[in-house]
Structure formats: C-alpha cells, structure tokens
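Common to both upcoming complexes is subunit A, partnered first by subunit B, then by subunit C.
Up next, the complex of A and B:
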C-alpha cells in the first residue's frame, strides 16, 4: 500500500481542570519532581473525582498525620479504582 | 718693547705664510719646520699662541664661504638644465674640486695640530663642533657652510646618480642573466644603452671615484646618506610588494631577510666599505638594524592592508599570520592593524548586502586567525566588537548559528561543538584564585580593556564567542528548539539517533536544564514511533486494513514551541481516519486523548485521473483540496472555502500549488477545474516559494504581527481623539506609548508606513493630504 498519512496531534489528560491543584503545574506537563510528562508522571483520580499528579497527591497524603483528605474538597481521599 | 713688537710681527708673518693654504710654497724655505717652530715659540712666550687657531679658522671660514662653496655649486648650476648623465659628470668634477681644496688644507692642519697638541685647552670652535681633531673642524665647516643651502635639483641629481649605479650593480649581480628575447639582449639592463655602447663600466668607475673622494674629504655619509637610504627604502618597498602582495600561503620573513643581507647590504657595502678613512665599521651594521626594521614595517604594512583577505583565507593563510605576528613584535604597528582591520570589516562585511551566514563565517575565521596573531585575545576583542554589535541587530543571527551548529554541511562548528568544553560566558564571574601557573603569567598588552578578565578572554572557544554575541544561552536554546521542532515536523523522520547525539553535545555545552524541553520533544518522537507500531500490530491481528495508513506524531504540547495555526475542517473521510486513531490511542493510554493539528503533517496520496495515477507528498490541507476535486471536478473558491471552512486567501495559495503541478486550472475568475487530461497542457501557474518551505512553527513575522495589533489599538485611539495625523506624529506618539507599555519592539517610520498602507488597502484607514484618518 502506497498511501499514508503522518498526522500531528498533541496529547492531553482527560481531566476537569488544566492544572494540578497541589503543584499548580499543568497536568499535561509534569510535577516539580519529574522531568518527563505522561507515563512518567501520571494523574490519579480520587473518588471525589478530583485528580492530581500522582507524585503530588502521594506527597500530600504522606504529610497528613491523622486523616487523609482531598486537598480540594476536604473529603476522605480514596483512590478511584 | 719695540724690538719685541717687531719680533712678534715677524713671527706672526711667518706663521701666516706657513698656514695659508696655497700661500708661500713651503719647499722654498730652508729648514722650514725650525723656522715655523721658533715663530710659534715667540707667540707662546707672549702668551698669545691661541690666536693662531682663531685666526686660521676664521680665514678658512671666509675662504669656504667666498671661494669654495660658490665654485663647488657652480659645477651644478651652470649646467642645471642638462641631462642626468652630464649632471653626474659635474658631480664628479665638483667633488674632485672639493677634494683638492681639502688636500690643500691638510699640511696647514698638520702643523696646527702639532702646535696645539696637549699644550693648551681646546679651541672654542673645536668644542663647538664637538670634535677631537682639528681636521674634523674643517669637515664640519665644509658641511655647515657648503651644504647649508643646496641649489634646486641637487637632491634629485644625487638620487639619480645612486640609483643609476644601483641598477648597474643589481644587473651585474643578477642571478638570472639574459633571456631568450633578442631585443632584450641588444639592450643592456644595467645602463639602458645598446649593448655595443654599454656604459656600465664607466658608471661604476665614476661611482667608485665619487665615493672614495667624498670619503677622503670626510663627507661621504653626509652627501650620500639621504639618497642611499631613500633608494634602498624604495627598493625594499618594490621588492616586498612584488614578492609578497596577495600571497598568504608562504612565509616570507626568511627570504626577505636573506635578500636584505645579500642584495641591499651588498650595495651599501659598495658605498661605505673598502678602505674608507672616515666611515666606521659600525656604519653597515647600524644600517642593517634600521633597514631590517624598515623591511618588517613594509612587509607588515602590505599584509595589514590585505588582512581582511588573510582572515577569510584562514587557515590556508596561516603563514602570513605567523609572519605578521613576528612583524608586530618588532614594530609598533598594532594600532594600525586594529584600525585598518576594523574599517575593512566595516566596509566589506557589515552592511545589508552580506548574508548573515557569511558574516558568521568571517567572524569565525577572524576568531581563529586573530588567536594565532595575538594569543592574549586583545586584538580579537577590539576588532570584533563591531561585528558582534552588528550581528546582534540582525534577526536571523541566532538561527544561522544554531543551524550551522547542527546542520550536516558545516563540519567546522560541529567539530568545535564535539570538543565539548563547557560554555564560558562573559556573565560568569571570575574568581580571584585562578589556578594559572604564575610562572607562565604574562601581562595583558597595554591596549587591553581592563574591564574584561584576561582569563575569560583567553579561554573562550568559538562556540562560546558566538553565544556571547547575545550573552544569553536562553535565546540560543530557544532558537535551537524551534529549529528542531521544524525539522521534526517537516521531515517526519522517526529515526532520531543523530538528533539525540547533537542534543547530548549541546547539553554538555549549555547545561542539562536548558535543553530539557528538547529532550522531551525527542522523546515524543520515540514514543510516537512505539505507539504507531503498537496500533499497526493490533490492526494486523484483527486483519483491519485502511486505504490510507495513518501514523502520528504525538506531541507534549507544554514542551513544544508555539505552532503555526491554520483554519481548516478536513473532509469527513479524513476526519474519520483520525478519529479511529484517537480511539486506539485512548485505549492504549488511559485517561488521555488527542487533539489533532489538522493542517500539520504529511500525506502521501495517489490521485487517480482518467489516464493515470499520480503520487504526491503534500500537506493534509493540500490533500483535502485536491480530494474535493475528485468528487466534483469544478469548484469556486467560495464553495471550497465554505466546505473546508478555510479563508479564501489561504485557499488560493494552496490551490496555486496544484496549478503549478498542472492538476488544477482556473477556468474563469475564482472557478477551478481538475485537469484530467494532461496532454498538450502547459502549466499556467508557477509554484509560489513559500508553499514549499512553510514552517510548522509560528514565525517571527507572526509574532511581529501581534505587536502591530497592539500598535493598531493605539492608533485607533489617537485618530478617534485627534481625527487626523501625519505619519511622523503617529510614530512619535507610538514611541511614547510603547515606551511605557510592555512592548519593546522597535518600529521604524518605514515599517510603520507599510503597516498603515496595508490598513488603507484593507479600508480600515484613509489617507489624503498627507494625513491619516479613520473612515467615517
């Protein structure tokens, strides 16, 4: 087959916001600790439907002594399956 | 008392008789010396022996002034308008006359010397002339009185006399005598006469006689010096120009010195050595020192005048640079070199007619050559400062540097890059504890700018010097990023091994963090390749097959420079292909989706016509247009513009490409048809160039356009309030406004006029009577 098409696209996370609520960096970029976006610095969603860079939320949760709350809505944080 | 006076008078008369040149013949007196001595003794007894010398030299002065000088010059002036050969004969006669005078004075001087030796303090004239011997006083008087005023033409005559002899000498000692040419052989190269009546021997004979006589009189250097020096200087100048001008690939210093020692000094020896009584042995060696200096200076001058070419030819011209370096160490021509080179760089390099890449090439050559010439880097700094300032004003400088750094063609800069030293920038502070070996320390030359650390001057390599044109790595890295993006999105080559290697070199130079974005960009290419392969594999497993295979270049938007935007809605069949790809991507990469840049990319399509199928590689926009014509073979621009949701102007430009390929034809105004049958058809439109080379990235032109939009809002405001304004007022007001605002763009009146004229054309502005106003 002779015919072909090399098309150009940009990839984006399907999220209800542009920036991570914790580090304020773009979801399509990466968290301050990472160098490469996408697979290397993925997003995770909570059951409250808020999402963050995985590294950001893990860091946040580790810093919470008693309850593990979503930093946006203050509900109990549970990773969405 | 009377007897004493009489004795004194008698003694005085005797002394006058003895000491007068050409006076009473000495041989007629018996025992002359005793007679003379007793006369002197009488004067000594009376304590007035001193008056002898005073009287004598007063007489001599009068004699020279009244008799010798007029007679001497008479030899020239009487025949002033005659030929040069007669002049030389007259010179011989004049010198012979002077020699005779000098000889006549000799016995008197000897007597006088014997009286005065040791017994009394030096004569006042002797002290005045700064000489030891009384005979030297005579020489001084000759020089002072005879040569105080020389007649017209005297120096020219002397010059001719010496140059004539030099020619004969040179011809006699010439290495390559005679040639095949008959006519040349019939004429003597030495004297210019026919060989049968050659006067060479005669000329040399006269030459030697004059020099010998002048030396015996004691005025050889006085008479010959100016002519001999001028002649020799002229010969050096001619020789250097003939030998060295325009030849940079050979070193000349050794052969020049050799020539000086054999030819030039050989000639001077002829004048000043060989049984000379008044010429010291150091005469030639001091001549040699002065002439060597002159030779270096002359040679340096010739090369300095051509130094711009020498720089351009470097490294082939390295021998010339080395020679010049040696010359600069021995002469004081540094300042001249700097000013000459600066001005030739300015006139030949720094004007709008020269390409930026050519200026850069010259700049790089200059860095290399000047480093050899002056390792301290001071000349480089002084000379290249205007080059840097000029390059800073050109908008394509960074692009030129970056592309020459990374292009295949120019290996020179690439080699420098691969050397991989970290960047030395001017901005980096210099520490006090420089780990230089103090024993090897050299002071900076006096013309060095004390504001610049000598270490940073020396350590800078070429790439650092190029980057230092701007003093900012960011500008460079940004430009590299744009070029890299452009290359990826034009070539669509997934094999990026070479790009990665460059990037590694650049990282060593500019630092990891600066190039992080570029690293992500290259990773995008590698990831896209993997995703394409995965999707293809899946399709193969499911035995799916498309007419057009879609591959993608999936970019991390945050890390790429701004893209050029273009409005288009692709036809449905094309959209569907992309949607299908998006689905597969979403399945592969959870929670992620794609946004297509429809106008970017490359399509490889077959176009089926009545009699044949033609393959094209074009942008999706071009493809979309031609595909419309496959469904319906006649479209107006308006219809197409509606269907593809594309502005008519952009559409026309794309259509122009297909016209140039002979596939579309403008049937009537703005109505195009597909040309199915190719026979007998000639292209009716030439391809516009920008279609071929259109960049995927937002251009600086587009960025400028944005700036103009800001201006436009100011202009509308001004004209609303003030109704009408001439362009000068608009320009000065804009400058006032933009100085306060964020815009830093410089806009000349010329550029502003172009912009305003465009607005007039677009009917957003009116122009009449020299003023602009808004349409009512």
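Up next, the complex of A and C:
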C-alpha cells in the first residue's frame, strides 16, 4: 500500500485590523488589482502604525500633489523602516 | 469587476445590512448603475431638520476611492443651511481638499447629518445668489474656501 501524506501550512499577516482601510479587502486577501495574496501583494506600515496593502497606499500617495498624509489619521505618511 | 466596483459593492453591503440612523441608500438607483447612488437622509431628532427628508446624489469616478465622490443634495427639499447652496452644492472640506480614501459613503453621510445637526439658524450661504448663477454643475469644480468650522 502506498501511503502518502500532504504537508499543509497556513499563514496570515499580523496587522491591527482585518481589512485594508483603503480598498476594504481583507489583509489576508490581496488588493483589488492583484490575484494572489502573499509576497506579491505585501502589507506596509506607516510610522503612525497604520497598515495598508502596499499597492493601495502607493496609489494614494502618488495621487497627492502637496501633502502625503495617512488616510486614517492624516499625519504625514512615513514608511516604517 | 473593477477595483472601484469591488469597493462600492462592499460599501453597499455594509450600508444595507447595518445602516446608521437616518441614512437609507436607494438600492434601486444603485442596481441600475454602480457609479451613481441616491441616498435618503433624514434630519436628526432634536435638530432644526427633525422630520425633514433629503436626497443626496453620489457620483463616483473610476478612480474612487482615490478620487473623492461628487456629492450634492437633489430633489424638492434642499436643506436651508449656511453651507448648502440652493442648487444642492455643499461646502464641506472632506468632499474636496480633505478627502481620504479611508472615508466612505457612510462616513460622508454621517458628516453631512452632523453638519446639519449643529446648525443654529436656518439660512442660506451669504453668497448664494451669485454662486448658483456662476458655478459649474459639478461642485468639485468649485474652488471652495473653508473658513467656518462652527457649523
């Protein structure tokens, strides 16, 4: 008898919230422009501690000409190192 | 579905399932065209607008939520308020300069209900007559000056 087993692992992002405040999609999913969650659609944090899909926050920052503010708390947006 | 439609779909579900007091989305209007919504708004109990019914029109560009929606009062009853022009245009900073993609139809409606509720005296903006004669149809094209935070 040929007995095999299948390895299964799960993962999830560690974020304060469940959904991205910009696209409202789950952090464990991906932004609306991506197909697969994970490394291709990572999360980023600001120094203010708010978290977004990187694609969502970059789209927002690129659309702002004068000030680049966090969409949640309106502080100056700085990527957390 | 585009990313704008996906996000609006989520908002619609949340707003129909768990609507805040005095805010009712007209689902029939949305089912015909996702990018244009009509929302019924009721003046808050105890405010000067208690018992009044208003209608808000929302228009979304394909860039929503990065681009703010176009929001104005429509229909027979335009609230008489120092920040609401008689053509339905609303002077409210979150609709232009202070827009954030974290805002939503619900939060915009609540801001407008709250703006109405803090009103002490029902009157039109002082420049109403000249504004409605000269403005664009789209309130987002107006260069708004926000100076009065009290109402």
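The rule is short, and it goes like this: the second predicted complex is superposed on the first by the 72 of 81 C-alpha atoms of A that agree within 3 Å, B and C clash if a C-alpha of one lies under 4 Å from a C-alpha of the other, contacts with A are read in each partner's own complex, and residues count from 1 in each chain.
By definition in this document, contacts are C-beta pairs under 8 Å (C-beta built on N, C-alpha and C of every residue); 3 or more make two chains touch, one makes a residue touch a chain.
The shown structure was predicted, so the numbers you read here are calculated from the model rather than taken from an experiment.
Student: Under the stated touch criterion, which partner chain does A:69 make contact with: subunit B (first), subunit C (second), both, or neither?
Tutor: Second partner only.
Student: With the two structures laid over each other on chain A, which partner does A:48 touch: subunit B (first), subunit C (second), both, or neither?
Tutor: A:48 sits against neither subunit B nor subunit C.
Student: Using the touch definition from the top, say if A:28 reaches subunit B (first), subunit C (second), both or neither.
Tutor: first
Student: Considering only the touch criterion stated at the top, classify A:4 as touching first (subunit B), second (subunit C), both, or neither.
Tutor: Only subunit B is touched by A:4; subunit C is not.
Student: Report the partner of subunit A that touches more of its residues: subunit B or subunit C.
Tutor: Partner touching more subunit A residues in the overlay: B.
Student: Which of the two partners, first being subunit B and second being subunit C, lies in contact with A:61: first, second, both, or neither?
Tutor: In the superposition, A:61 touches no partner, neither subunit B nor subunit C.
Student: What residues on subunit A touch subunit B, complex-wise?
Tutor: Listed in rising order, the residues of subunit A that touch subunit B are 1-15, 26, 28-29, 35-39, 43, 45.
Student: Mind listing the subunit C positions that touch subunit A in their complex?
Tutor: Those residues of subunit C that touch subunit A are 2-3, 6-7, 10-11, 63, 65-67, 100-102.
Student: Spell out the residues on subunit B that touch subunit A in their complex, using ranges where they run on.
Tutor: Answer in residue numbers: 489, 492, 516, 519-520, 523, 527, 545, 547-560, 574, 577-578, 581-582, 585, 589, 591-598, 600-606, 615, 620, 623, 696.
Student: Name, in rising order, each residue of subunit A that touches subunit C in their complex.
Tutor: Within the complex, subunit A contacts subunit C at residues 21-25, 31-33, 56, 59-60, 63, 69, 71-72, 74.
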